């Protein structure tokens, strides 16, 4: 018996397999979206938090930092920055505001972003 | 010598790809230096800006490469002229100018100002990794992609429909469709990240593998003379494996972003199998070459074709697997290990496949019969080895840095702060930078290979030794 | 057509072994020995399916053993995990 | 890898088709063995990939159980073993029917082939129905993928398998339709064998899944 291995079958497996796993992925996505409200603390998602996200995005913070591990690996993770700064918002704000414009000789330094008071509170 | 004269539109795409590649590597070297000399070019080009340029140039030049590849191979596969060469050239300039303006925007004004100038508050999409482009640039990308798909699609429709061009088209359509998720940026961070991966992961571990497979299949058909039927059915099997493992494999990005815990299992299980399609691609390439029916004079292209299989398997397959299981990723997530994987995977899979098609097509695009002169090929092969070996070392050094970082910062009994650890692993960063310089030398040689031996005759291929039919 | 097909016997054997597994569950028997026994039965059933239903019995060369080898992979890992859990 | 490499190049195999036994003859006659499993080799590559996923899934279950033994033992008891028994018998029998369907087409009896396939599909439907009952019951009690690790595995594994049953039924139905259109005969029936091989794989996986998740 000559071995049978047809292009038509390989094609069917590609299409069938792809559709199968796309459907499975959508099913899992559906479940995820359904349970997210119980997990993501969306009740606390205030205007101020949304503004904070915009500040984070419009200053390209993840060009250096990570947030939940995603971003660049040049500067520390920010998901835990509040804890690392002794749970003090003031300390974080002061740190951001005090970055020297010309940097620190020989060392990595965060740029001076000139955040407004409002941006600072939100961020 | 082109079979169809409209294939010539591929040439500017390839040239632009190489030019942007050089830019990408220069910025890579800047970044590498900033890792060890923190104030280098500060505040003129801060790290975040340089990184954005580095990664965005990569994506843009790979897209140039993919489009060039499509414009080159689709007419040949469809056995007809391109639907509209004029549209292809127009889109080339639009894409190039839009890309250049965006990069200039990154470099010349602060990012926040760029966001303001381009009206990011009207429809915020900026400031997310790899999707840093202003919203207007993103719209431009969609327009270019649509015009490109229209052009290629019409060509395929009116001509011969082969598996290679069909798979390429599916990959390119997938690329365009998934990019639309770049426009969805909810305020909810979990949802933002969830769908952001639909662009990033489903690109590089999904539809881009289709594009890669199609280009590799095309080049192998041309180089080896192996029966198209055989190559095409293996193409189907490989891309089937890619999607079977890769789609649910998205789950390995849903471990720690607030999504349900079951993703840790689904993601780990399926990504454990993600090396499979890349492994098959390697076996496939070597098998086809072993079974070749002719020796093609373009040995450099052959080297790239084999190299991309091996390096994609190592970079995407092995280095991906190293840190993809949830219990391992718990420690390694977002460390230099990720960077190591990213570098070799992108180089092995996508940089090298674009260089493969360029290597194969450029001689014809420049009026040669089938290949460059021997001298030019020798220089090109030197560049292959310099770039590839130095990329292996970049990856190894970053892996070393990553292991040490994970140990000192996360695993040890006495975890140390990020910046303290960064200083301790500085040696690895220096070595990475040295390897990066060698990579640049390889790239310079690559460019030189286009200019040497131009007046020399084409390389010729030794005919295959006669084999008995039983072995053939 | 009086002779019983071997596949029919295999089917009956599979049914019987399934009932056995179910029965063990009903009796509430447990412990590592029971678990490993059930695992052995399951692997044997898998082998029957591979050999007789999938037709690998009539294949020679590497494909002959593909299902048998596959069975050993999860079988071995499951056995290991159950033994470790029972310690 | 050798076999795959050989297949890859489409090297013609020199081994002749073995004499197919007449339907119903006793086993035991010395038969020439073939080098390839029945059906299209492409489906076998797919089957192996699927089996690899299930193998890792099973092992993951076993090791997760090791970590949370008490939880797994407790919640395993909430499952309905009787329904699982019905389903196991349904799948085994359906697999057997498919064996018979292949036998019929090898005897050039397309009508018989279709009838056996219809029977197999019916039993596949029974499986889906019973499984849906099980799910309805559990969902009714508020169980979800995120309830605990045991249910994560129970639902993931069985739902993944459930989808395979659906897929297998689609394939079998397609085979039956093609058989009805007269595409298959004694000489040409690779398609039937291909569908059969996939269906047996679905059965095979359940044979491990059933004791592992419900009983052990």
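When the chains are written out, they are named A, B, C and D in that same order, and each has its own residue count from 1.
Here is the rule we use: a contact is a pair of C-beta atoms (placed from the backbone, for glycine too) under 8 Å apart; a residue touches a chain by one contact, two chains touch by 3 or more.
The shown structure was predicted, so the numbers you read here are calculated from the model rather than taken from an experiment.
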Counting C-beta pairs in contact, which comes out ahead: C-D or A-D? C-D
Centre-most chain [mean C-alpha coordinates]: B
Per the C-alpha centroid definition, the whole-Å distance linking subunit B and subunit D comes out as 38
In whole angstrom, what separates the CA-based centres of subunit C and subunit D? 14
Subunit A and subunit B, separation of their C-alpha mean positions in angstrom: 23
Mark out which residues of subunit D touch at least two other chains, giving numbers and ranges. 10, 18, 34-36, 42, 45-46, 145-146
Which positions in subunit C touch two or more other chains at once? none
Where in subunit B do residues touch two or more other chains at once? 229, 233-234, 236-237, 240, 244, 260, 262, 266
In contact (per the touch rule at the top): chain pairs: A-B, A-D, B-D, C-D
Considering only the defined contacts, which subunit D positions touch subunit A in the complex? 6-7, 10, 12-13, 15-18, 34-36, 39-43, 45-46, 144-146, 159-160, 163, 167, 170-171, 190, 194
Residue ranges of subunit C touching subunit D (in the complex, touch as defined): 1, 3, 5-8, 10-11, 14-15, 18-19, 21-22, 24-26, 30, 34-35, 38-39, 41-43, 45-46, 49-50, 52-56, 58-64, 66-67, 70-71, 73-75, 77-78, 80-82, 84-85
Complex interface listing, subunit B residues touching subunit A: 34-35, 37-39, 42-43, 46-49, 51-52, 111-112, 115-116, 120-121, 124, 126-129, 132, 163, 185, 187-194, 229, 232-234, 236-237, 239-240, 243-244, 247-248, 250-251, 254, 256-260, 262-263, 266, 333-336, 338-339, 417-419, 422
What part of subunit D is in contact with subunit B in the complex they form? 1, 4-5, 8-10, 42, 45-46, 49, 52-53, 56-57, 60, 64, 145-146, 149, 152-153, 156
For the complex, give me every residue of subunit D touching subunit C. 2-3, 18, 24-27, 31, 33-38, 44, 48, 51, 54-55, 58-59, 61-63, 65-66, 69, 73, 81-82, 84-85, 88-89, 92-93, 95-96, 98-100, 103, 193, 196-197, 200-201, 203-204, 207-208, 210-212, 214-216
